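Chain IDs A, B, C and D follow the sequence of writing; residue 1 opens each chain.
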């Protein structure tokens, strides 16, 4: 597969990864800002996330004396894995060498790896909250996994591929086709994304109410650059899901060649789509309340049901036989 | 007797294992014999087995011969082909590491009242039996080797027979092994009956009607499934595996179950021949159920070895999912996809063998160093046993199917196979298979959760008991055994293409088509169907991860940033946290218990003790018991009581029976 | 065929066989031990007579077996049993039988059954006295039936011995006697058996007071 | 021992001389050794006889008839007699020392042991059905006093039941024999030959089917009682459990075999005769039915027993049932399997009873619940019992697996659905055996248990032989069994 090794493509891949890094805090900040607007607050400026990160990076890291070496390694692992995951998602252009290196299932694998170490880090210090957070995080993700995979399957079965580039390409070539399966898959994937990125109604990134937090409970003991990495990683994850959804289901505008113009157009399209999605999410988070942990299964069952319907409608309606 | 080349090392392997058993006979006299001679012989046997297996896989030859043993008109037939080679290598690899690990571990028995002869002798027989099973080419030798394997492992399970639990486990194990063996025997009987002979050659030629083929298949599925530990005939497994000495548990869980998988593949793909897709559906369902139930039950355990045993059920389930897919594809005329699924199953087979052995050895190391098998008593071991901790982490990541280790690759291949369901004519199958795959995804995620729990509770946090506090790193040999396996976890995770091209001969032999296109784009790229469909480049993934980790850490730990201040845990500023405040394994799994509650029998009650403190009891047990096993037991007991009632003790009654029989027979004859 | 065509000898044999059958019926119904022993002795006499009668028709080794039968079945064994009964003072004892009539009726039924079984044998025409087979079979089965029905050790022995009588009768009447060596062996066995019975009476009466076999039921598999 | 016949005479009549000799020898130790010596002599003689027959072919003279079938059983009988004598010498000496039996009963024991051997060998070697009957009856008489040797109420009761049931059964067998004689006289030129098996076998086809049918029923019930076929088996557990252990060993290892042998010989007569009757294969079918019922009842009776020796006698019932089933099925494969099973079962079962003898001595009781942790008390006995049970339960590499494998194979070929019963029966039997034995062997030993002086040589030898047979059947034996198969089933397997 030599054509995957053209330096140009790799350069583009690198650029896209960097864009991810740069964009992730922005998206988070945007959502936060829109939310506060909706709550009639002014809210922090869009640059706030960057400031936070810079501040944290400058601070000295505190590590609990009970923590083991894993506690200090985890942030790098989590951040690195999430970053690599992000690097395989087509951001501006369709053709992406990294998409061939790791398809969508591997992407899920990367995120799982990050989550694995995040949860371990949560348990490492040996506090009650860390374990609680780890346990809940693993439960939620476990329940989200099948729905996620079902959605991926529905797409993959239409696109006959699990390679993200090919999937996007397929949807581009197909043009505007109304597939019930895609509708269901999209809805399901949205629910999953919300759960996976720890947003309301599953988790609340803003809370430190002991008994309600999941993600926060795991990174409770982190500080300084470690905390920064963890935060950054979760922002990356949020953006990753966003890009995944918008680029796979509504690929229009994404660059099909590596010309500057089309790349720029792709960037514009992406920003527009992401802003829209962020807006949606913010609205949702404003109108919804966080659920009890044991309502989460129902929520995720709904997601699974949707994706399952997506699959069925694919099998029954779209291919017949 | 002159053996063709690949058979030579194979024979050497078997002989070395037997020799190890032989020298152990004297181990009760000289205790060190076990460490100094028996175990090295096992290492030799293992290495020879690996060599033989790789030899036959590379050369692609099929060698056969006869041994002057067995029945007069049916000498033991030995046949060594790619499939046998693969499994022999697998056995050898695990045996080697176990035997490296063994000497350090068995030291603790040298001053007990246990018979080292029994330990060493039956270990050798066990290994030899397993090796002979994969070499057998007729039903008689197969059954003999098979039962030798079961019987010797039974003696190993009951090795520490003072505990009633171990005796019960051993009995249950042997009973189910026997029942399974009888089913297998019946299956072979059906084949031999139509094939005219108990040699596998004759059976391959058997022309069975579809019905009888299905009967034979069902018998084989039951028999081999019982040994492999498929739900619902798995109940012996979580009882028997944990109570054996840990290196034996490793052998049983990692290798013996695989021998059952071998038997199943040999029987259904090789001997039965033309596979029906209906069988595949059955296998797929059983596999999915086993995978899910296995991992759920595992989540509920807090005894480390028991938990690992339940994970064997899960992984066997995954293997059978692959096999089921392969059968479905093969049965509906998609040999290429069938080959893909089969390879995925085989890949997971060897992966599970390696990381499960690694984990059991790790558990053994903990047991050896901290004398604890209950996770609630562990904690903070990573600081005290860094090497074991590292290797165990590798095992956890692998079994949780996370990149870049081996467990992920096989699950990825299984998913890829499942994703090709669209190629099937039958719409029901097209929608059934993805659901099975979704279950597989759920299983994987739950496994990850389970091993977060395992590693977090046992190796991280604070020590929960004095034992755990004073644990010390284990001996070099024991570390070497684990290290070898950990290394292979990584290798198989990074070098799938090499491995695939190595075992390519198996699908070629069984299904007629190879999987060469999966590796034709160079060692870097794994493309199971076609580059445009899916591709995975493990080496690049590893590089990417290392780059990301490396760069980020280098960049952030430069200069004064490197410093970290050590302080007390914050914990939201509550009172100083202590070991008792940590999340326990039971607490960790509580949400899962609640969400999946109806699948277990959960008995939970809180009782207040007289000193005012409260006592919380929790029992989570298999539903399989009251649904399947209790009734059978009751039936047999009732029947035997009925028969016992005949023996009244009245001689006149007995005479009456005689008279009655006589009259009835006379009436019949006239 | 009908009786007239037969020689007096054979007719006599038939009469004696019938009497032997009668003897086993009386054994079956007889409640008092001594009387039972007597009827057993008489049965032995019948068998011995039949043997001699057959021997008259030129099979000389049968004289020996006739002698054996007489001495064993009608003298020695009854005498031993008498002695034992007296030793264990049970002469006056009478065993209570539940339903004597039923017992006898069942016996009659058995006789008919035996006849039905023996019919095909008698069809093959060979020797005149083959009809006796049915009778002897009946005696054997009645002996067994007696052992089932009666509870006393002694009565069981009697039943056993009358079975032997039936066998002798069958051998003699249907096949003109077995080869001598066999006859001797059988007789020897019967003798030893009789002695052993004697031994056992004492052991049993030592272990359990009475000689009621229904009390010999320690060894059983009933789950209490 | 020049001519085979003299070897035969030595084999058969040494024990008879032994009876006379041991009846007079007063000193017990001498008697014990003498008994052993005699059995060794018998074994040697039987080997000589075997080799003579193997090379010289069948031997029929003076109403003795030796062919492959019975010479193989003769060797087996003398061999097990010898090993049992090896075991019984110290064992019975200890019993006597404990004062459980008197000196003259010891004398009786030794004499009757030889007497039993004599009747067994006579029954095996004779050519005359009448003598066969006499010998089998004699075997009952010889052993009945041995069963009641301890004179406990239980043993007396057991002996009485044994005596009565087998006596009645044998009486019925005699009636059957008479009928055979009767039928023979219709066809044979010389009526005196009417009980000579070899003659009858030659002209079996002309015998009248109906008579033979009825005769076979009587013989089946009669000899079947001694084989221990359900429902005539009730004497067997009692006799085995109450008699001294060596007696249990020979009863299980030899007597049942000989009775089955008699049944087999008569089936060989009945089959050709019945072939031209209304129901040709009735004899075989009856045997199959009895065998299967006994097999199932035996395996069910193995569950949750309380007396260890009773349990193993039930296992004997089970295995005899299996053999009867195999022989009833006929056909070369089944017959070969039955013969092999006879061999391995006798070896294993007698070995087990020897071990059980030691175990009961160690624990001082036969109650399973009170025998615990044998492996700790005396590893030799514990492992012996465990491995013996593994062998009898049909685990490879022990020989019983081979024969059961063949039986199942034969069943699969001709009666596929019956194999379901066989397989489940085997599983149930296994569950019973191990469920009872494992607690006795494993776990902690009660303090009152003490190791005893046990001579495990017979056990080791037997188990090694069984192991060997399971791994590879030596060509000599294979050909031998094949000859027998040819003799019985008309065609061989090799």
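Methods note: a contact is a pair of C-beta atoms (placed from the backbone, for glycine too) under 8 Å apart; a residue touches a chain by one contact, two chains touch by 3 or more.
Bear in mind that the values here come from a model prediction, so they are computed numbers and not experimental data.
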| item | value |
| --- | --- |
| Chain pair with more C-beta contacts, C-D versus B-D | B-D |
| Per Cα centroids, the chain farthest from subunit B | C |
| Gap in Å, rounded to a whole number, between the CA centres of subunit D and subunit A | 78 |
| Centroid spacing, where centroids are CA-atom means, of subunit A and subunit C in whole angstrom | 101 |
| Whole-Å separation of chain centres (CA-atom averages), subunit B against subunit D | 44 |
| Averaged-CA centre spacing for the pair subunit D and subunit C, given as whole angstrom | 31 |
| Residues of subunit B engaged with two or more neighbouring chains | 643-644, 646-647, 651, 655, 658, 662, 666, 670 |
| Residue list for subunit D, restricted to those that touch at least two other chains | 160-161, 164, 168, 172, 214, 237, 301 |
| Contacts with two or more other chains, residues of subunit C listed in rising order | 117, 120, 144, 147, 156, 213, 216-219, 221 |
| Touching pairs among all chains present in the structure | A-B, B-C, B-D, C-D |
| Subunit B to subunit C touching residues, read off their complex | 641, 643-652, 655-656, 658-659, 662-663, 666-667, 670 |
| Complex contact set, residues of subunit B against subunit A | 379-380, 382-383, 393, 397, 400-403, 408, 412, 415-416, 419, 421-422, 425, 427, 430-431, 434-435, 437-439, 441-442, 444-446, 448-449, 451-453, 455-457, 459-462, 521-522, 524-525, 527, 531-537, 540-541, 544-545, 547-549, 552-553, 556, 561, 563-572, 577, 579, 581-583, 587-592, 594-595 |
| Residues of subunit B defined as touching subunit D within the complex | 68-73, 113, 115, 140, 143-144, 147-148, 151, 158, 161-162, 164, 167, 170-171, 174-175, 178-179, 182-183, 185-186, 189-190, 192-193, 198, 636-637, 639-640, 642-644, 646-647, 651, 654-655, 657-658, 660-662, 665-666, 668-670 |
| Subunit D - residues contacting subunit B, complex | 160-161, 164-165, 168-169, 172, 213-214, 216-218, 220-221, 225, 231-232, 234-235, 237, 279, 282, 286, 297, 300-304, 375-376, 379, 390, 393, 395-397, 401-402, 405-406, 408-409, 412-413, 416, 419-420, 423, 426-428, 430-432, 434-435, 438-439, 442-444, 470-473, 475, 478, 482, 493-494 |
| Touch list for subunit D against partner subunit C, complex | 63, 128, 130-131, 133-134, 137-138, 141, 144-145, 148, 151-154, 156-161, 163-164, 167-168, 171-172, 174-175, 178-179, 181-182, 185-186, 191-192, 194-195, 208, 210-211, 214, 237-238, 241-242, 301, 310 |
